[in-house]
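We call the chains A, B, C, D, E, F, G and H, going by the order they appear; numbering starts again at 1 in every chain.
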């Protein structure tokens, strides 16, 4: 009785493509959305689609979707070839932060924007970050992805002049569990000009980066 | 014995001017910083300098500073004439959010960037926001300033395609006291691509906006 | 040894029908309650009865109950035909809020009150809400259901003059997880006259709405 | 440069009169608002106006306002004679909750609605509440005001069939400090159909009650 | 390599029998404890022993233990016949609080103390509590067990003169989840002389009651 | 218009004398209460009456009251001679906990019960506690008063067989500020049978102790 | 695409061996790390490797690793014979704290440092701790491991002059759940000179102890 | 009646000198402690003694004390000449952290231990820290003092092999206010072997450092 009405109109007004957050949706609901969008010939990005739920989708949906398990994303309608070299660097602190970093990368790919992934450069081994610094500074926007104590955000923002978007991740235990410590560290940073998105929100950071690049038509 | 070493070098590396957070400093410490910077011929921005503390500064410091009580900021070395029309809109929800909105405006003015202040357009009276929407959309970056429940952030980000920087303010009482509710509302927003700074951090939002405009030389 | 004593007397004193919260009860306990109430010829509403637990009920209970999986409610003793057009609008922000919205609707239906469900009108796409505004305003009470940052509550309460009951939902992640952010946003709202119930409490909002309609005899 | 724009238009759309929260405003700002509204011949309610701040207002404002110290409210433009007997009961648990109870009463008085104040009927002395129960039940809406553990809310809502609006107060110490415990108790109540407003928000409860009485024209 | 050393000596010094909290222990560890205590001819109480874990115990342990699933307790060495009529009343608010109420009862039974269980007398239906009041007042100690908003604690402590021990339970959802709201309500109660134990700690309340009855020899 | 109605009836029903919490009351309100009770010839205990507020009371009130600054209590109607040797030991961890320990002692004195004060026996110097242990064990009830990490509660409850009432105090800084850490430590104690009251609530602990001694007539 | 780059260089700079936190890693990722390190002839410590995940590793990894289920650790490359008697005492409060105590012991063993494990000496039975005190005092560093209310930390630090490292554990329920209470108790301790690590962080405490012993070459 | 009993015995057992926390004590209490200790010829350290309270002390106390306003400490009995070069480095992130850094330094000085103060080396300007790194690494213990997001702790611990004691400070605003964010960042650090003390606890860090240096006789 209640159906998901995809907000095609919003896409037109704000320039943002529609995305479907799969976490709170059943496989049947996702099947229906894929079918409906396919019928209309619309492209769609699906986020937080775990491997188990993907496996429970019907064959038509599974066939239609370009699925990436590590980022838990699926793309309907094809991934466009990127338009030139990456303007966005995605820098992450540890292996465990990779799923969130990759969610950001896939969201950008869906929008035709390529990104440079620079992983495992946490501050406990500062020289690794320093070795990649010149490469990072060549980008127009930096998306920083880190959990635990989130020290990476302040260190990075103190080293590069471009916009730095902090994505705290829920990686950690004890007082670091759930990402609250990394989130607060990003917000309380002593480095000025850092901007922050919700915990594990690689999708949101990608959209903030796209707003900054500013290529989308203004309503 | 312990003195504040102004980090002139950082300004050169990241393109950011130095600023002095006055809240935890004594009048004597601020007097000394003003004297030292004046001697070196350096410009400086002072934030969170309340009227009482300003009144306790020595005459030389008070004379040297361009002080604005409503934003609690002071500028040493003069405010440059803005370089063209404002590229940044600062939109605030209520009268009580004005000091934070003005801190952002003064920080931008210190850097030679003018901003358009659009105040009292909270969502409880949505038509007021709607009347100013076209004007807001003409800017390259929007700084949204709101306390209480922070609904303004989501509404704005759903209506404009450019980068929106949310500054939650500590205006509110009960569960809204201290700005935590507005902060969480900004982070949990259903509108994608919103980026957030710390509570009452108009200074930080201004610097994030400057990073986005990207005119500063890259170290 | 300890049995659930249904409080038939309370129903007579406050005009409220008895309801059974199934979450913390075993299938055996629910079977017993159904049998006992059937024997007495009493009608009953069961809430938070998940599909798995419903499937574990005995055949007599399953046969006796009118079960609705999407709202996780069951009704014993039949659903009365509604007494005229809906006086209550249930407005929800996203697809994921639907179970809570439907719990409210089923609770009202059990009491013989029909409701108008208006879904997927979240503030990220404000025009969808605006298109339904005149329809919403034709009701005597509005139940607003939203998770994440809960901006819908303030926007709605600023647009309609009738009582607005906010039901925050546990939909969200990061700082939005568990519904606390939506709850606080409802309580801290800048729109005056908003009243709030517990997170995911569609049942409670329905009862508050029934108290407002005030048709029930006063003890 | 930034002025408070009174939202006369909102009053017309939602039927709510404009109110001014004085807590975060300076005496000078309040003086200006009084002068401006007087010029336009508008009535206004001022809330959270402490005695010290009232004493710092200019003589014209002090003369124009009907000030009540116990509720920290002031009314510009006169208090209308109430339209008939009180339809709203304001029930409070202890002496210390009186300021919030009176804020609700004054807000109603400003709107021409009289209320019955029933104080000092906390649950630690249940018989006092019981003695007043029949009187309370004769009203169409009950505003319940309580701090500390907020047990009054559940007890009352279990005893009366009409709408009960809970206003938690910040009265208490230790874990009861600031009103969070009373607020959570109201939201988690085992009595169904209780609706809740923010801590110390007598003004908001009064507006919710007015929405329920429903006499105001619908936009 | 690390074994659980039962603290027989403590029993002698404080008069308390030893108890084993099973939650964080494996079935193998519990088997070993049962075997060791049986060998020594010691009696033991096991708490928080869920049905699944009990089923995984070895046959000797299962045979040796008097197991009660509803309270998740097991007794080794037999339950003594109670020494006279119950001096302790255990009063609980709802069916869902029964497991905690029964943990208290079983702990008392293990110590040879019988208790009167009075259940389902929550404050939403105050007359049920009132009907049992005289019976409750005939006891020397009252253990009150309640979840959600915990209003029962204040109401009871205002009605009886004997010691009242509040046991908040983790029954509830939204802001009531996990028992924090009931706990804070017990601590912030307006009724004087209420004493409180940890959430779901029926065992602790029973021991506090035993300390109050004071029959145990003083070391 | 709103007056404090002293609940003389409650005193008769529960055996508890009335007490007046002065924190949220004005000097004028306290003057009026003293006058009214004096007229009726009633005894009264005043708690949380700071030195400044006491100094602002009228001469009649100041003359009528037996004031003790260190416990911030005042007694109207005289302090009765204690009925025999102290049955209650009040044990505190540090000098800074003394005001709370003394509030308990004065509350007991008001009820005619003497108490033994044993101070400065915190666990950082365990031998001091050990030296007083035999003396402590000679009492029927122990009130333990401690702030910071509250380790005293567990240590004491493991060493004495009688009822131990824990009063956490707000003494501490950093994570110990406000008494939350000491409160949680008391509730989570590994020593069984500890009962807890609100932070700084010496008055409540005294009343719980009186309930345990059980001399008061049962209503 | 994203691989775990083991930071061999850090080991050389800070003297710390590399460790792999297995919680957020898949069995496949761990297999790869084992293979890669084996190839390079590197030793490695794996922490938080549960029995289930260990069972899902490939045969080569399972064969190569020295696995200890109780501490959830695995060692690649052999455990060196300890260099002399234990200089570090690991003291724990209860059986349930043993896994964390053993994680510390295994981390030390991996580094060639033996430790003395002293378990089940919680403060509820103080004499057990006292009996072992002389033994504990013979070590150069004490690692104290405790959950629930963490009183052990203060008691120990008041009794020994050497460095005491507190490791709060997540053992507990109600307000003690998750280890926050034990953590705060350690930080707020009245005993001076206590140093604290994250909840359940036996690994971190071991490394802090190694830093204190100071044998490792300085980079 | 209640007096502060200085624990001279503890000093002898644990090797720690006695210190007096002045925050919760009155000027009169401090005067008495100074007089008593002077009489006994004992040395004493006073912490958290603000300038206002110091000014209110009697002349004998003021004359007897060596007072340092910036660290809010006073020393009775003289400051010994340090025994050789500093073995402890105190490294702080910003000017505002200096009072806490100096409290540590003064505590060490009282014990005859000199320290090297290295201030204003926060991570937002990483090169400043790098320039001092060799100097820092020449010490046996590092006390790191930082507020806001506390990134300094992780960066330092990743760069030096010796023990690092993190002292979070209450410097910050918004989510950084009160030091909780810096504290959690220290505990959740990705750098292994970091040990943490309470917020603003320079005194405690100094004592932990002294325990590590280990020169004090073992009781």
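Here are a few things to note about the model shown:
What we mean here is this: a contact is a pair of C-beta atoms (placed from the backbone, for glycine too) under 8 Å apart; a residue touches a chain by one contact, two chains touch by 3 or more.
Being a predicted model, the structure only gives us computed values, none of them experimental.
Shared contacts of chain C and chain D, meaning chains that touch the two of them, come down to B, E. Touch-path distance (fewest steps) from chain C to chain F is 2. Chain centres here are C-alpha means, and the one lying farthest from chain C is H. Over half of the residue numbers at the chain D-chain E interface are used by both copies of the sequence.
Between the CA-based centres of chain G and chain H the separation comes to 28 Å, rounded to the whole angstrom.
In this assembly, the C-alpha centroid of chain D lies 35 Å from the C-alpha centroid of chain F.
Averaged C-alpha coordinates put the centre of chain D at 56 Å from the centre of chain G.
Among the residues of chain C, those touching two or more other chains are numbered 10, 13, 124-125, 158-159, 174-176, 180, 183, 187-188, 192, 198-199.
According to the touch criterion at the top of this document, the contacting chain pairs are A-B, A-C, A-G, A-H, B-C, B-D, B-H, C-D, C-E, D-E, D-F, E-F, E-G, F-G, F-H, G-H.
Against chain H, the residues of chain F that register as touching in their complex are 70, 95-96, 98, 101-102, 117, 119-120, 124-125, 127-128, 171, 173-176.
By the touch rule above, chain E contacts chain D in their complex via residues 93-94, 122-126, 148-151, 153-155, 157-159, 172, 174-176, 180-192. By the touch criterion stated above, chain H contacts chain F in their complex at residues 1-5, 7, 9-10, 13, 21, 23-25, 29, 48, 168, 170, 179-180, 183, 198-201.
Remark: chain B residues 10, 13-16, 19, 137, 140, 158-165, 183, 187-188, 192-199, 203-204, 207-208, 210-212, 214, 216-219 touch chain A in the complex.
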